[in-house]
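Chain nomenclature is as follows: A, B, C, D, E and F, assigned in order of appearance, with residue numbering initiated at 1 for each chain independently.
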Amino acid sequence: MTHYERILLTGAAGRLGTELRKSLAPLARTIRLAARSGFDDLAANEEQAIFDLADMDAAIEATRDCDAIVHFGGSSLEASWQTILNANISGSYNIYEGARKNGVRRVVYASSVHAIGYHEVDAHIGVDAPVRPDSLYGVSKNFVESLSRLYWDKFGIESVCLRIFSSFPEPTDRRMLWSYLSFADCCRLVEASLTAPRVGHTISFGMSDNRIKTVDNSGANHLGYTARDSSEPFRAAIEAKTAVPDPNAAATKYLGGWFCELGHPDDAE
Amino acid sequence: MTHYERILLTGAAGRLGTELRKSLAPLARTIRLAARSGFDDLAANEEQAIFDLADMDAAIEATRDCDAIVHFGGSSLEASWQTILNANISGSYNIYEGARKNGVRRVVYASSVHAIGYHEVDAHIGVDAPVRPDSLYGVSKNFVESLSRLYWDKFGIESVCLRIFSSFPEPTDRRMLWSYLSFADCCRLVEASLTAPRVGHTISFGMSDNRIKTVDNSGANHLGYTARDSSEPFRAAIEAKTAVPDPNAAATKYLGGWFCELGHPDDAE
Amino acid sequence: MTHYERILLTGAAGRLGTELRKSLAPLARTIRLAARSGFDDLAANEEQAIFDLADMDAAIEATRDCDAIVHFGGSSLEASWQTILNANISGSYNIYEGARKNGVRRVVYASSVHAIGYHEVDAHIGVDAPVRPDSLYGVSKNFVESLSRLYWDKFGIESVCLRIFSSFPEPTDRRMLWSYLSFADCCRLVEASLTAPRVGHTISFGMSDNRIKTVDNSGANHLGYTARDSSEPFRAAIEAKTAVPDPNAAATKYLGGWFCELGHPDDAE
Amino acid sequence: MTHYERILLTGAAGRLGTELRKSLAPLARTIRLAARSGFDDLAANEEQAIFDLADMDAAIEATRDCDAIVHFGGSSLEASWQTILNANISGSYNIYEGARKNGVRRVVYASSVHAIGYHEVDAHIGVDAPVRPDSLYGVSKNFVESLSRLYWDKFGIESVCLRIFSSFPEPTDRRMLWSYLSFADCCRLVEASLTAPRVGHTISFGMSDNRIKTVDNSGANHLGYTARDSSEPFRAAIEAKTAVPDPNAAATKYLGGWFCELGHPDDAE
Amino acid sequence: MTHYERILLTGAAGRLGTELRKSLAPLARTIRLAARSGFDDLAANEEQAIFDLADMDAAIEATRDCDAIVHFGGSSLEASWQTILNANISGSYNIYEGARKNGVRRVVYASSVHAIGYHEVDAHIGVDAPVRPDSLYGVSKNFVESLSRLYWDKFGIESVCLRIFSSFPEPTDRRMLWSYLSFADCCRLVEASLTAPRVGHTISFGMSDNRIKTVDNSGANHLGYTARDSSEPFRAAIEAKTAVPDPNAAATKYLGGWFCELGHPDDAE
Amino acid sequence: MTHYERILLTGAAGRLGTELRKSLAPLARTIRLAARSGFDDLAANEEQAIFDLADMDAAIEATRDCDAIVHFGGSSLEASWQTILNANISGSYNIYEGARKNGVRRVVYASSVHAIGYHEVDAHIGVDAPVRPDSLYGVSKNFVESLSRLYWDKFGIESVCLRIFSSFPEPTDRRMLWSYLSFADCCRLVEASLTAPRVGHTISFGMSDNRIKTVDNSGANHLGYTARDSSEPFRAAIEAKTAVPDPNAAATKYLGGWFCELGHPDDAE
């Protein structure tokens, strides 16, 4: 018995979207892939919706007949205010309005460590800690966390906001020894978020079972996510090729890493 | 070296009592089985005490020469007020009076998830959370938790109150995917409660190592209980034959499950 | 505009009931006085219901046509188990059943410091601290706190449980310098409990504005109770006639005072 | 010695802006009034800046030569998404960019109870509780709370976010008996926010000293704000003309009051 | 009835000792003044003990026949390690050994804000926060707080450790607007510490009722201390003659003020 | 790439020092062994510094050219005040002064369970719990925990304070069934402390992965320490030869075990 009829996956052409496209297959009869340009390799259980998230009508239309959304679209890095405003703030609003108008039951949203990037690594914050974004990108993640809370409390749409740390093919620097989220664990986390019996509005950190642990994710234990991967096999190689970090550098001190050392994106030229 | 001379096991003919009868054997020279009707299969290390818990004199007599009590007797389901009052409230008072009068050192009591059944599954309560019973049955569990606290603080009798979730031969519905306590884990939990060096007055949740975790049992870590079983092997079969739950149903939302949807027992006829 | 049509006051002939009889008058058109023997001084706005709390039918009948109950009846001191069981446990169950069957909106219950009497005076517990009764009397208070929680969560009847400390005409010993609740403040607390816009299930400590404060009542701030009296005017006289207490005596160490030094009531003869 | 050279007051023509215009006078040599249309009653210490908050260039220009901003502009009620997006989200971003580019030291921002409107009145949340907005308006308040946190952590601009409850000439309904913030207390709160020695990023609730207290503002005690007014003098008149509230209505249960009962603003026609 | 027979006051010739000498008079038949040089103005109820705190035998001798000690002696400022070691560490150990050997019931110790001086002013720490000393002086205060905890837990000697903020004739800078403890309030605090019925081991902050509050002293409410003075009458004069502080300076950011900006005392020459 | 150039190991001839001497080898080019008498088995990567910790000049000299210190020297048991003062208090001060003067980056310090030995075993304290030493030895551990906090906050020297429980070749009594720290786990903990990217000032408990857990070490999760050993293989043998403990004995009740039952060391003769 599949959990859903049709899942909309935004950001389907992105780094994580490409992974999720495969892992979501068993959970719904149809996966609708959303991106800004078309796919030429649609599988039998896939369909596509090609549009810009900032286009409200198109975004709402893309959610029609879906009962779940995995919202990984929008800018995945710090960007100019105009980009953040259009792609992440307006774009996510549009997706939630689609969910509301089309009766979607549950949304899984790619929030980010950068929503709380200015907390210190030894503070061991839980999922309920006050927000401390490290970038405009992080502010937009807080916006969607707030918006989705409203859509649960007032409109009854469940959401899981996943504060993903570093999800890459493998860890490549010393920070990722603790912040790494393997692709396989990321897919497990999304699957758990989609299948847990009740999520209401849940915020969860997203990390693999790395040896060093910097946050307390127990507030999301009802998702039933269990990490199976770890950065440990990569430790020796990383330590051999990278310097011991300065413990007082912002990139070492704060959860957000080098995002905390970025200037304002609108100052660049 | 056995821990105890003689353990009184109430509810010895019940579902869990039948399991405990076997697992308690190594912990005491003698196991005294208490039930309302006699056993015809007493082992060499067993003796029996046949009486009704509501009979104070008999209850006190049954505790004579015991140094520990595993109190699993009384109604194990929602029941009429009169039944709850007699079997669970008066009955447990009688057992504790027996413990006090006969110098019993430690009592392990079968409390229940229904003592805190109206807490939400995503609240991740600890063992110190305020009580929120979901039934008269749950109220009676709170009563014994309170009474046993008094008997520790004032009379020096140690107690462990085990808030057992769903202890059955195997999980049979989706809620039990997170609430399941295998019989073997239940026996391990009782053994840990009887052998931990100091328990004072301890409240512990009782669940197996299921993937979804809904409570925080760290406040009972001094018992040394380690779950070894899990509901996970039963997941596929259960999901195949049961519907996706409504996340807003009381039975999904609250720890107590369908007890939260029961009406008042005295209204039925 | 009065808040209520008819308030049932149990324990109306008792020490506090006698005070409340006066202070409740402005809050309802009719005050129904419940006691075990009749009143010969009924005022125009008063009526009486003479019965024993342990008589379920009579208790239910007494609640008919009431929209609020101020439940101060039952034993107000440590007593034999049989007395506690009948007057406080069964008696309160009967009152709550009356509330449920007759559509009472709100109950204000005289709980007691003895519900948490074994907490230490310098622990500054809040209203959510785990129960630690100091007597069978205290256990019965925990029972009603639990029962009323169920009747709110399942049956929608609001309750305020007032953990009254020492409500007497004036403080008479050194402990009462911090535990004193003047009659006037007690009446203010009951009035606040009856008129606050939403109480759900609220537990509140009951003390005057004494200089030494031993508990944190902020969890009940939504009641809007403001103490106006204090034990301070009585300090000099009390200190002059009483000895400096032993800080290690149970009666000094614990909130429950001398109740913590009482033996078991059923041992006396 | 005044604290500031020049304070920019946005929303200067609004209900609270009109009050603040007077109370800010002693704190700076010059008050610059920002609004969408001109003032014809400028005092000697006042100057004006007429612009729309959504106009980034104008907003930045308006902050030139200011060392503090009291940002009370934007929509002060639930509104369509487009209005919220332009006036509250983009508008506030523009003001903060002005602060960053022009070296403003401190911003006092009119956040709102509606940033946490879905918390229950008896939960007594502190200023660090997770956000639970009750409207798009509330979501925009969370956005600015998040943005201002970034501008402190990364750019060193101090902010005080004032979660104002009900600031009107006088309380007019039963909820305002606990949510009332008198104009004078509102001005005191802004003054304290501007003159406290260090605020970093502070969130403070804004209420008068009403008898019923529903939140815990101790996390903002370093502001040195002391309420002097209370709703109590208005109680009798309000209770006489309004009905006893239904404790289960969303407007009674939640801090946000009737905002919690509003539908989606874009559904209206 | 006096509380004590004989109180030993160390540091009796110091700034606070001089005040306490007067205020302690009603609490004991005899006040024994300890200092390094003799007093020429002994009152009838006074006697003196002239010795150096680092002299163990003399210190122990000075405590003979005392039932309480008010220990305000030792260095009251940052000093060289050798001075801190002798006067504050060894000196206080000697006093506690005297208390133990001579049966003293209670000690009131002048700890200091500098025991927790590196906590931030907007963190609102309680008395249980981890120590964060800002100087060797502060480390010595932590030492005595730890030592006195041992002497309570193991030897039954009660202690109150008063973390005094700024106790001077009047506030003289902007920090003292929140850190001021008037002499009269300081005396009230010591009196409360000596007369509260049970203190066990209590840590209390010491401040007057200043408008800006930077710590949470509720954990010491059982002392019954009520501040009556405030820095507010001094505000206008102080603000007129001192500059607005830099919110990022260590002296503004941390509770310890300018102690946080001191170098190591052994580096000076 | 090694983490350090030269690590100073104090207490290098002690029980744990002997183990650490081996395990530290891969972490630095040189290990400097500090003890009171010379080693006759120096390896190629080892050098020695022979001195008494109480000798400030020698201690400072010993830290020259080191970038890390593993400070396990001083008395490792309860001792006379004079011994504690010289070896543990002055001795540790000298080591920290050496660290400050010679630019050492990080110190790993052997604190002890006895720093918090009077907390109860079922209180499950975290690393931030208030100190409750059980001995003068424990007080000296609190002293260094405080001193190292100052040296981080003011002088930027990182420290990890390891509250080691029972580190012996194997567990030998029932308490050690929960307090055991194997030598191998102790070495892992020190290694993690030396190599974690940022420790600031960290306090960590030190125990193996024993079945019974009595403390919450999650506040030190950023160290990346994972225990691999357990007392469980020793359980049967220990239970066979030792009696069931009295749950009310101080040695059973408190974390510090039999240290809580020791008298004052200066009372012995």
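One rule holds in what follows: contacts are C-beta pairs under 8 Å (C-beta built on N, C-alpha and C of every residue); 3 or more make two chains touch, one makes a residue touch a chain.
Bear in mind that the values here come from a model prediction, so they are computed numbers and not experimental data.
Looking at which of A-D and A-B shares more C-beta pairs in contact, the answer is the pair A-D.
Of the pairs listed in B-C, C-E or A-D, the one whose interface repeats that of C-D, with over half of its contact pairs matching by residue number, is C-E. Centres computed as Cα averages put chain C at a distance of 52 Å from chain F. Between the Cα centres of chain A and chain F there is a gap of 41 Å. Look at where the CA atoms of chain E average out and do the same for chain F: the two points lie 31 Å apart. Touching chain pairs in this entry, ordered by label, are A-B, A-D, A-F, B-C, B-F, C-D, C-E, D-E, E-F.
Interface residues of chain E, counted against chain C in their complex, comprise 1, 3, 156, 158, 196-200, 202, 218-219, 221-224, 226. The touching residues of chain D, when paired with chain C in their complex, are 120-122, 124, 174-175, 177-178, 210-214, 216, 239-240, 243-245, 247-248, 252-253.
Chain A contributes residues 81, 85, 89-90, 93, 97, 100, 118, 128, 130-136, 138-139, 142-143, 145-147, 149-150, 153-155, 260, 264, 266 to its touches with chain D in the complex.
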